[in-house]
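In order of appearance the chains are A, B, C and D, and numbering begins at 1 in each one.
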Amino acid sequence: MPPVLEVEAVRKSFGGVAAVSDVSLTLEPRRIYGLIGPNGSGKTTLFNCITGIERLDAGRVSFRGERIDGLKPWQIARRGIGRTFQVIRVFPELTALENLLVVTRGPRAEAERRGRELLEFVRLGPLAGEYAGNLSYGQQKLVEFVRMLMTDPTLILLDEPAAGVNRTLLNDLLDAVARLRDAGKTVLLVEHDMKVVMGLCETVFVLDHGEKIAEGSPGAIQADARVIEAYFGR
Amino acid sequence: MTRLLVPLMLVVLAALTVYPIVGSGYGVRSVQQVFMWITLAGSWNLISGLTGYVSFGHVAFFGAGAYAGALLVASAGWPWPLAALAGGAAAVLLAVVIGYPCLRLKGPYFAIAMLGLNEVLRALVSYFEGITGGGNGLSLPTLDASVPIYYVMGVLALVVTGLSWLIVTSRFGLRLMTIREDELAAEAMGIDTFHHKLGAFLLSAAGPGVAGALMARDQGYIEPISVFPLAITVTMIVMALFGGKGTVFGPVIGAVVLFVAQEIVWARYPYVHPLLFGAIIVAVVLLMPRGVLGLLQQRYRMPRTI
Amino acid sequence: MNVVITPAMLAQVIVSGILAGSLYAMVALGLGLIFGVMRVINIAHGPLLMLGAYATYFLTTGAGLNPFLTVPIAMALLFVVGVALQRTLVFRVVDAPELSSLLLTFGISIALVNLAQLAFTSDLRAVEYITGAWVVGGLALSKPRVIAFLFAAGVTALSFVLLKSTRLGKAIRATSQSREVAMVCGVDVARIHMLTFGFASALAAAGGALLAMIVAIQPEMGGVWTFKSFLVIVLGGAGNYPGALVGGLLLGLVEQVASLFLTTQLSEVVAYVLLVLVLLVRPSGLLGGRQT
Amino acid sequence: MTPKAPAALAVALALAVGGVVPATAQAPIRIGASLSLTGTYAKLGKNQHEGYQICEKELNAKGGLLGRKVQFVVYDDQSMPATAVRLYEKLITEDKVDGVMGPYSSPVTEASVNVTEKYKKVMVAPLAATTSIFKRPPGQKRNYVFMVISPAEVYLEGLLDTGVKRGLKTVAVVNEDTLFSKAAASGAEEVAKKKGLQVVFKEAYPKGNTDFSALLTKVKAANPDIVAAATYFDDAVALTRQMKELAVNPKMFGVTVGGDLPEFYDTLKQNAEYIYGATQWEHVLPYPGNQEFFDSYKKEFNHEPSYHSAAGYAGCLIYAEGVKRANSLDADRVREQLLKLEMRTPFGDYKVDQDGFQVAHKMVTFQWQKEKKVIVWPEDLAKGKPLFPTPPWTSR
């Protein structure tokens, strides 16, 4: 079985500044990975490179053994990569349920049933008919999260799921992520909250100035000198 | 709400059906014009109201339909109902040709490209005078068909409005709205935004194409300047905006209210009505960008399909 | 019946293209500034140019001033008009979706044109000052157009100096690059918007004042200038101010050369195809950097 | 009781019982028209409107028409054919006017005439100069529309005729790409062919064009004896200026519309000298009532009439004459009279063929000479000789 995702020597620069340089990583099925690094270290750019929002300057990205770099974002999403965004990107003038419906194909009644189910699952059932723009920040975050689940992705990319979310909600979310892993999905999450990363992830990648500087178990990463240096400066 | 609305609409439809029997020639032509504006505003709404891609040259499809229809009547002797359909087909064809490059442009660039398209069509129609008559315009055989055209235009307005309703209530329509709300997120969720836009664009071209061909037949004479003016584009936009863009009945309300305003109020002030029109545009943009229905929907939590 | 095109004819229209291009560049720089700083496509740019032309006409025929002296006066007058428009209306659509700014400025545009029609009537007027041409090596250099070229070049150069070296210019450029950063750096963004709109209107007015000596003045004369200016800033790259110069000259040349080889009617089509091609291949213009 | 009282009483009584009503107290004859009061043709449409107003005033001063007052009902079509079509429909079916008069411009007339034909209304169209409106293929004839001015096709005839008589051989024809100008240009081509002139260059330019460098560069290369330009005003001015700049020196240069306006000279000053123009009408022409019209118009509106004013005025007089002779407002009877009417109006001669197409009215060609328009063609109306040939720009 090939790895779920292989990123090989990916490079991306903006106006001469390298945002991601020669980063490689491999994700195996049924695992939760963390991607950490100081602000501006290229985490979101790497996400954008994987999901086709940015074109690569060099390198290659393969998903389940098939090259996906160069494909359009929607083609990549349809192959089974779902993501959330650092800044929430729900569709504000669509209702919560409609936000979920738009990403589905196939019979509508079935899609609606599943949509309601997922909204119930994150305790938003009663708000299904509310415009997403009228929901609270945390609720929007949940809508975005279940919207991603509606596409039934194999690989899930989460961009700072914990930011701005209260404790109870966060625990629910982390619970859900663990269950998704158990259900066979692979998760890669960008997170600043170290407690979340250390508690949930099996493998952690560390980026600094666009380069991967470390990879390993949470414990090993915490002890890595280069990581400490990257975070706390020299 | 709908319990009240459906019978009301049926009454209005029935009244409009019998109107040509009692109405004067002017009345029939005016209502026919209202139908035309409903078609134009409703069609613009399909691409711009739903996806947020502002077609600032939508009259191009109207003019293309007018010329295609008129040429088929004048040169090939087609009966006008068939020529009207061909006018719609010609507009859709133009939308395919222009949609592939232009729908890849973003925001203001798309708007300006469409504005330019309109100017270019006018230049081309003038240049190929062997076919189109150029600046001489195109004169059609005299035919009094204003009542049949009234009905066909009415059906067209109904079809466009019905189509809007179908689209707005479908997942296709919701996906079009995601393009307006956040195109990038829609892409990342697996929505093929380009082909959605293209689909909406083609649908939005058909109505104006048919309407243009009908107008050409009814008027009996067209010329480049009068079928490609920016003013028609702006009028349809303001109508859609006034009623509520992105809604089903907004363009209908806008077309009715503004057309009646134009006929009744502006006719009294011949020298200042363009000023009034300018003032209305500014007022709509600044004071009610969501339009009448948008305001109502927000305040009374009405469904989008009204 | 067809005319054989000789190199001398080509040289002649290239000269004409460059002369026209300088005016395009100056007027388009104004539109480009507004677009860059406020994300507003100002459809009223052309009508502001028309007001500039009327200013020159009335100052010349009414007050008996030398037409070239009226250029700075027209600019000052329209600066005030521009500031007033920005403060009362345009500020509300800064950063709004393009539909709002397009429609609002279109509304202003037809209001200006019709006010002009009411106030000045639609009689065609003209300022006849210097006519004829200097003949240099077989090329005819239209006197009014050469003078307009020099004026436009001067005004454009001054504008670049202003943008490059003064505190105000730096603030304008900073605001167009990133409003947030500009605000953090203590730039009064609202004031910059106002001044930019005024400055841009003054550039349009300069164009109108110079055109007054070249073409007939009438309320609807501005319409084509909005679109042409937009073409220029797209060709040069929105937000890239020196690009306006390149775009203006390019548009002037393309129009003239296309008119020579094809016809005047088709030159418009050529310009449009060029616009769409440039947008597709280099969305940020010929000189622009990469768009993110 | 004063001596007048019984009479007043009788009138009051008559009115009260609805009996014999004096003719002047009848409802007025209402004549509808849609005019370009705003939009592209605003200025010219307004002049036409003023022509109608003078006519209305004059008719009423002479006791009205058929003993009734005349009243114009005028709407603004914003220079748009679509609007005009609707307005004529409104005038006829809602306002129920007794008669209609034509709108401004050929395109608007072309569209509106479909409505007036449909309702069988006589329409004297004083400012429609396009032949195709009147000359229709069989089966599509129009019966109730009447032409007043000379067709666009003959505008440049005088210029070419004058040139041929002086031995000129070649001509370049340029025109704005609109209905009227195109017709004038193709008419010029026809005339040239007939008179043995060689057309060495022909090109149209779009409406609103202001830079003619490339076009004139080509004209210069073609080196014609005559440059015949079918123009409106602003392009006529721009062409003249740029001809000077590019040293295009034909032996004759003539324009169509615009060259006749006082503004043309005001704008171009001495550069307008030697330029030929064509006009439908001049106030100096010795037509009956012309001077009186000119004077009362100037008094009423504080500016001089243009030929549009005079055509509008004359068109209204022609219609009134038709009504008077038919002694009725009935369309078919008025039509019959208008078809056989021959009349010399302040605007010139009126006589139409069976299609309502004007055959009697004469265009005149003038040349700007020392700040004045001097009529140089046709010979029977000429007031002076053309200054020929036109000297090069450098020696004017």
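Observations on the model:
We adopt the following convention: a residue touches a chain if its C-beta (ideal position, glycine included) is under 8 Å from a C-beta of that chain, and two chains touch if they have at least 3 such contacts.
Bear in mind that the values here come from a model prediction, so they are computed numbers and not experimental data.
Separation of chain B from chain C in touch steps, taking the shortest path, is 1.
Chain pairs A-B and C-D differ in how many C-beta pairs are in contact, and the one with more is C-D. Using the mean of the Cα atoms as each chain's centre, the chain most removed from chain B is A.
Mean C-alpha positions place chain A and chain B at a centre distance of 42 Å.
Note: centroid distance chain A to chain C, computed from Cα atoms, is 47 Å.
Rounded to whole angstrom, the centroid-to-centroid distance between chain B and chain D, based on C-alpha atoms, equals 36 Å. The set of chain C residues that touch two or more partner chains comprises 114, 263, 265, 268. Counting partner chains per residue, chain A has no residue touching two or more of them. Under the contact definition stated at the top, the residues of chain B that touch 2 or more other chains are 123, 126, 271, 274. Touching chain A in their complex are the following residues of chain B: 171, 174-175, 177-178, 180-182, 184-193, 246. The touching residues of chain A, when paired with chain B in their complex, are 51-53, 72-75, 77-78, 82-83, 85, 89-94, 98, 101-104, 108, 111, 147-148, 151. Against chain C, in their complex, chain D makes its touches with residues 38, 40, 42-43, 177, 199-206, 208-215, 217-218, 221-222, 233-234, 237-238, 241-242, 244-247, 263, 266-269, 271, 393. Note for the complex: chain D touches chain B at residues 37-38, 40, 75-76, 78, 80-82, 85-86, 89-90, 92-94, 107, 110-111, 114-115, 117-119, 130, 132, 139-140, 142, 176-179, 181-183, 204, 206-207. By the touch criterion given at the top, residues 24-27, 29-30, 33, 123, 126, 129, 134-137, 139, 141-142, 144, 215, 219-223, 225-226, 229, 267, 270-271, 273-274 of chain B touch chain D in their complex.
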